[in-house]
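Labels run A, B, C and D following the written order; every chain starts at residue 1.
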Amino acid sequence: MDYSGYLYLSEFKVRDYECDLQGVVNNANYQHFLEHARHEFLVSKGISFQELHEQGLDLIVTNIEIDYKFPLKSRDSFIVTVNVERKGYIRIIFLQEIYRVPDNKLIIKAKVTTAAARNGKPVYPAELLKQLGLE
Amino acid sequence: MDYSGYLYLSEFKVRDYECDLQGVVNNANYQHFLEHARHEFLVSKGISFQELHEQGLDLIVTNIEIDYKFPLKSRDSFIVTVNVERKGYIRIIFLQEIYRVPDNKLIIKAKVTTAAARNGKPVYPAELLKQLGLE
Amino acid sequence: MDYSGYLYLSEFKVRDYECDLQGVVNNANYQHFLEHARHEFLVSKGISFQELHEQGLDLIVTNIEIDYKFPLKSRDSFIVTVNVERKGYIRIIFLQEIYRVPDNKLIIKAKVTTAAARNGKPVYPAELLKQLGLE
Amino acid sequence: MDYSGYLYLSEFKVRDYECDLQGVVNNANYQHFLEHARHEFLVSKGISFQELHEQGLDLIVTNIEIDYKFPLKSRDSFIVTVNVERKGYIRIIFLQEIYRVPDNKLIIKAKVTTAAARNGKPVYPAELLKQLGLE
């Protein structure tokens, strides 16, 4: 498979404690994987999520849509992809997919809408958009 | 607020370990709350999620859409609502909201689409639909 | 069973997502239950864990010992007990047990040693000891 | 630092969702890391935790002791070590440490006592002991 259309890729392996009674990864954990890949992507652009927070700026998830295509099982390896686009004045949208490796089976597709907020109030994230090449 | 339009209500209180670096409940944990309320609702209808699984029948989440309106903080009390409707032949949709109490502030709105599967294959969940009054 | 020898009791019910591949509550989750009961106990004494942290004072776990006697399963109800004692100058020890209800089966016994720290440095927690009646 | 005295090493990086209100990794998550490293170690010896469970054999944690020396923070890299010894007829003890890298600061020391059980009853794990070189 050609992963060149993605801005960022993060590799993981399922840990047993992430699986539930049904013997597969619990649905909520995919949000953790998506979040971690986004934060890794931001770090790769010189943006630390924790530092932003300490400066009073948070990138807040306002909406998430996830299509669950196929479950991951114990010890599966997988790749989380990250693409990013801007929507309107203050929204940044992350388009993410999860593929099992090495067979590249599509596991989930997700669209994560975020908005920048300073001390809880929406702000225009000028610096952030610049670092993400989204001005 | 009038909660009489909901089929089921489940009450929770935020536990500190559910909060993250940003000082609010981590986004993934809302899926846990939504899932727990659905399972409680099913139990109230005489349906055990674990027993279903042991019989080879799983109610699988195929899509989730969540609007995050306002964050929950440490020790907030909240109510998770459950409504349910049928879509097509095999899909069961859960419409869920989370309200902080006692001020009834809307925290999230979610639409969770599920499909019944026996040993991984889609099936018509006749018994389940009957127990849910969705025939 | 007589719970009158305990300073504080907190009631829980197992949520399905807390169970793992083995069909029982994952070991790490018991630490969550123990922590939540301790924080509830502190709140009952007028002490907020989050407020303490915002004031720069943390009650840090320095050692934990847990005997796992019997596992909890999906939907089990249980009680987490809290007793507390002082050790030396700065340590506060929490003695905690978990009992399944209503049959009072002992699930785990735990000893949690904590120390107060201000900005990472050990301090004598005068106010805290007073609020806990441990002066 | 010389890691040659350890049977197995597993490398991790802290993910933001593993941190809590205090800005450090939540205590319960260290148990997840220890567990994952043990399971990886078992796999390296040809032992699958999930397969064992499906055959009715579980390696159950009966006691855990953890010394928390220093907290991990967001994005810290760390190594979890595994050593193993036998105790009596049926117990297998895992001695584990966590070191931050690259500065090799000791984060925690843990002793995890396990016992083999078949369908909930203690058994002599002949095959397992052989695979672990503990006969």
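One rule holds for everything that comes next: a residue touches a chain if its C-beta (ideal position, glycine included) is under 8 Å from a C-beta of that chain, and two chains touch if they have at least 3 such contacts.
All of these numbers come straight from a predicted model, not from anything done at the bench.
More C-beta pairs touch across one of A-C and A-D than the other; that pair is A-D.
Of all residue numbers used at the contact between subunit B and subunit D, over half are used by both chains, marking a mostly same-residue interface.
Taking each chain's centre as the mean of its C-alpha atoms, subunit A lies 23 Å from subunit B. Separating the centre of subunit A from that of subunit C, both taken as means of CA atoms, is a distance of 33 Å. Subunit A and subunit D have centres, each the mean of its CA atoms, that are 28 Å apart. Counting partner chains per residue, subunit C shows two or more touched chains at residues 16-17, 21, 23, 28, 32, 35, 49-50, 74.
Only residues 16-17, 19-21, 23, 26, 28, 74 of subunit B touch subunit D when the two sit together in their complex. The touching residues of subunit B, when paired with subunit C in their complex, are 15-17, 19, 23, 32, 35-36, 39, 43, 48-50, 74-75.
For subunit A in complex with subunit B, the residues that touch the partner chain are 21-22, 27-29, 31-32, 35, 49-50, 53, 58, 60-68, 71.
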